[in-house]
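The chains carry the letters A, B, C and D, assigned in the order they are written, with residues numbered from 1 in each.
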Amino acid sequence: MTQFQEKATVTRRELLSSDNVRLTFQSAKIASAAEPGQFVMIRVGAGKDPLLRRPFSIHQATAEGTLQIYFKVVGRGTAMLAGIREGDEVSILGPLGRGFQLTDSPVCLVGGGLGIAPMLFLATRLGERRSGQIHGRVLLGGRTRMEVEPLLGDFEQTGFPVLVATDDGSFGQRGFVTAIFSTLDLPPDCTVYCCGPEPMMASMAVLSRERHLHCQVSVESAMACGMGACLGCSRTARNGEYVHVCLDGPVFDAEDMAWTF
Amino acid sequence: MTQFQEKATVTRRELLSSDNVRLTFQSAKIASAAEPGQFVMIRVGAGKDPLLRRPFSIHQATAEGTLQIYFKVVGRGTAMLAGIREGDEVSILGPLGRGFQLTDSPVCLVGGGLGIAPMLFLATRLGERRSGQIHGRVLLGGRTRMEVEPLLGDFEQTGFPVLVATDDGSFGQRGFVTAIFSTLDLPPDCTVYCCGPEPMMASMAVLSRERHLHCQVSVESAMACGMGACLGCSRTARNGEYVHVCLDGPVFDAEDMAWTF
Amino acid sequence: MDLLNPTPPHPDLRVSIGPLSLANPVMTASGTFGYAQEFETLMNLRRLGAIIVKGISLHPRAGNPPPRIVESACGMLNAIGLQNVGVQRFIEEKLPYLGGLGVPIIVNILGDSIDEYREITERLAESSVVSAIEVNISCPNVKKGGVAFGSDPLMAAAVTGVVKEKAAVPVIVKLSPNVTDVTLIARAVAEAGADAVSLINTLIGMAIDLKRRRPALANVFGGLSGPAIKPVALRMVYQVAKSVQIPVIGIGGIESAEDALEFMLAGATAVQIGTANFVNPRASEDVVDGIGAYVIEEGLTSIREMIGALEIC
Amino acid sequence: MDLLNPTPPHPDLRVSIGPLSLANPVMTASGTFGYAQEFETLMNLRRLGAIIVKGISLHPRAGNPPPRIVESACGMLNAIGLQNVGVQRFIEEKLPYLGGLGVPIIVNILGDSIDEYREITERLAESSVVSAIEVNISCPNVKKGGVAFGSDPLMAAAVTGVVKEKAAVPVIVKLSPNVTDVTLIARAVAEAGADAVSLINTLIGMAIDLKRRRPALANVFGGLSGPAIKPVALRMVYQVAKSVQIPVIGIGGIESAEDALEFMLAGATAVQIGTANFVNPRASEDVVDGIGAYVIEEGLTSIREMIGALEIC
């Protein structure tokens, strides 16, 4: 698995809501090698502080070298990245990690909050495999309208029907996206793909197990290197052993992970 | 002596040569309190690195609140400051230190390299005191044309005749500005004001002493606080004692300092 | 009470350092705040919990030759060499101004010998303006005294003993981080009667000027301070707070209210703001504001609830 | 020679760590470079002076529970807890790849007891791929072993002695900075036969998550690394290089050729790149390039001219 450290130019900066930013890079090598569910590590500044790169799921990638990330400003690093301008250059390391296992069977993609990020690339690739014959759905959840609506069009273009829930009911159904999932009639060979806040993924793991559905989740952890060198990104697996999110993941079988409620 | 910590807006950014930048700020309190020879301490970034403020002479200041600095990119901090854009805000601390003692007698201002910076504000104030009746000269030295020419017009506006020397002869006389000084016919009550590289100031101290002229120099040292709190900015005085550049200076009698050649 | 215009809530920020009561836990660290007057136009000095002044010795000291400071990654090195006006001039020239501020004044002292510590304490005992003495046994910059006192439990206890014997006010002993086990020193000075300990002083460091192939500081070594050292400081404060019964004052890289609150969670009763004063001369007042706001937002009855409240699972 | 196309100058970057000759003084620090293969597509591993692998113990270790890392100002804290595959699997699974690189491979070892150090050394002695052993007596993350060996001169000498006795290759002892006087430990291990010392390992630190009011690391304490610690590392390297006759390997916050050259001026014969590998996976190769360029620009006959060349006035 070849990885690259690339100086990538920001070709587009979209402020999708007050906190949520989408950046498009020209990053030929990384974009063309990327698979859905993989991530990149980005240097957010030129100085020594913040020191470490920040991990972001690959939101979209094309063979032509276009790479996108979609993120929320939660701290210093993301604030610096949000302040970047078109034409600026950043150092990107990737593609990293083990992505989603793609399938030709029916699928259900569930993205909550910023967990929506990797779902677009996944939906695009799954849609391409299915050309015409769509067996699947995309479920998007957010706290409020602005966390979902700006991305709706992109998801609809993948060909999958999209269902939406927001906590405040300002867009789509009121409530959690897991509630929509519970009411859906899914075939037994349906694969569930999920990324979102921990409690949501924990629920999705339980709900999928109850329905005997195979569920893949994309999880997070603190990371220093993103490439298996520091052993810092461990998480506890169901069997009590430690797995490393950057190497063994970020995508895991929901069954294999330990979840706290 | 009142000092201020002010959030100042960058109203103009001039790239006067490949390395030399002039920034104009709207900084009402500091600009209106400033005296020639004083300096400011500027935070060059928002993060913790580089940690300390950077000191810059006040290049120009008006009662209306316009403050200018003129600096060379020599390291990380100045590079960051040079990358600033009009409309950005920075934190400025000032006005700091003891400036030049102004006089109504004849004067000779000698600025070398970035030592030209404080001379403009000084020439402006001295020019104002003299309205019409100019007894004095400004001598500007640089390595090459681009270090001097862009500022020439501003100095000429102060009313003083300006003489120029460049190391490479690309502008004005070839050689050091001290050579021009040596050839000048100066009255015995002439005050010499000088700022520039250490060897130049050391020479000016000797040349002034030989001619029994009172010479004031603006010197530098490493600084942390700029306001007398850390005692870090010491320099050795002629009597062997330590003086503090931010508090006792940056302007000193050339006679009072120890010079190394 | 006017229900439409209720008085803004007054967070209870009071803490006690042994017998010394402070309006809030925020102090300025010795050597980073001059003699306080330098900051008078830039902040409200009366808002501070206490002011700690530049270290004072028996006789005036000229300090080290320049260069004395150099920046490092997220920090700085200093080798001021304890330049100060000496206790006599300090009492005559600096204390009157400080006494007028209405804020507890803590005098940081240093000596080359036990006798010097004793003598300077005696001199300070005559002043009614001094609220406490902070004993610097840790400064790494001078060859004699400093290092030895701070790294040997017996010596540290001996200094504490004589200062305590002569002092009319509470005695805080300031610990060096340049030791294998800081809790050993802390316990020794606590047993010797210290009313509180403060830590950390600077880590010994060095910087090199590659162009000149020389040390960046004339003194070769200097003390590292600033955000870079915060993790070491937090660890030592936590360890010492677990080892002694007396109050602990946290120092090291504190720039914000969040930093200060972290030190309190780790067990600090109060904190000192050092290098941050250079970056933001209002830093100490900003920290007072910030912890006040935190107490209100979190609905705490007092900031004292934070002291040592770290949960370990 | 073709005068129009002269071959580019080949700077002489060779250095020796005791009997071990290196093409250049740049190594990767243990625990920050995995088992090297992780970096193979991101840089040219063959350009390195040596590769030091993640610390190996006698038996596999699972390491500490998460969270294991947290960022700090210009640095990071880690509490990996020495997770590793154990010496057996290391020899079977990792060494063959490493052996094919044609670069000296240095194995970092750790143990909870003198016996473990002995046994692991014996196991490694069977391999022809291992060029040297680096003995970690300093890791602050595990309760047993680590700290004790590294902070006591007698224990440090004892470990050195057994490893030296069993080792078929040069032995480097890696020193902890969490001690009052690092030169005492350095002298002790030098007398016990160490072929070189490397320093520094991480400073013990701590971080707190204010929101959760808990330590940021599950292990509470962690090792501080990165640019933040460089001044402490440089100081200790300088002190140790003045105190022992054996080569010193400098570690701590090195990110660039300039940093590396500063450590060499301070007395280091070689350097290790640690945390910088995470920020820039090509950091170690960049340092090799940079010091090569420096040797040429400055007209040095060899990089060895830089070792200990600091001028003190």
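Here is the rule we go by: a contact is a pair of C-beta atoms (placed from the backbone, for glycine too) under 8 Å apart; a residue touches a chain by one contact, two chains touch by 3 or more.
Here the structure is a predicted model, which means the values were calculated and not measured.
Contact with chain B and chain C alike is made by A, D. Between the chains C-D lie more C-beta contact pairs than between any other two chains.
Each chain gets a centre from the mean of its Cα atoms; the one farthest from the centre of chain A is B.
Computed centre separation for the pair chain B/chain D is 47 angstrom, with centres defined by C-alpha atoms.
Spacing of chain C relative to chain D, judged by their CA centroids, is 35 angstrom.
The set of chain A residues that touch two or more partner chains comprises 48-50.
Contacts with at least two other chains are made by residues 73-75, 226-227 of chain D. A complete topology is adopted by the chain contact network, contact being made between every pair of chains.
Residues 73-74, 227 of chain C are the ones touching chain A in the complex.
In the complex of the two chains, the chain A residues touching chain C come out as 48-49.
Touching chain A in their complex are the following residues of chain D: 31-34, 38-39, 41-42, 54, 62-63, 65-71, 73-76, 78, 80, 83, 226-227, 255, 275, 277-282. If you check the complex, the residues on chain A that touch chain B are 45, 47-50, 76.
Taken in their complex, chain B has these residues touching chain C: 1-5, 43, 48-53, 91, 93, 221-236, 241-242.
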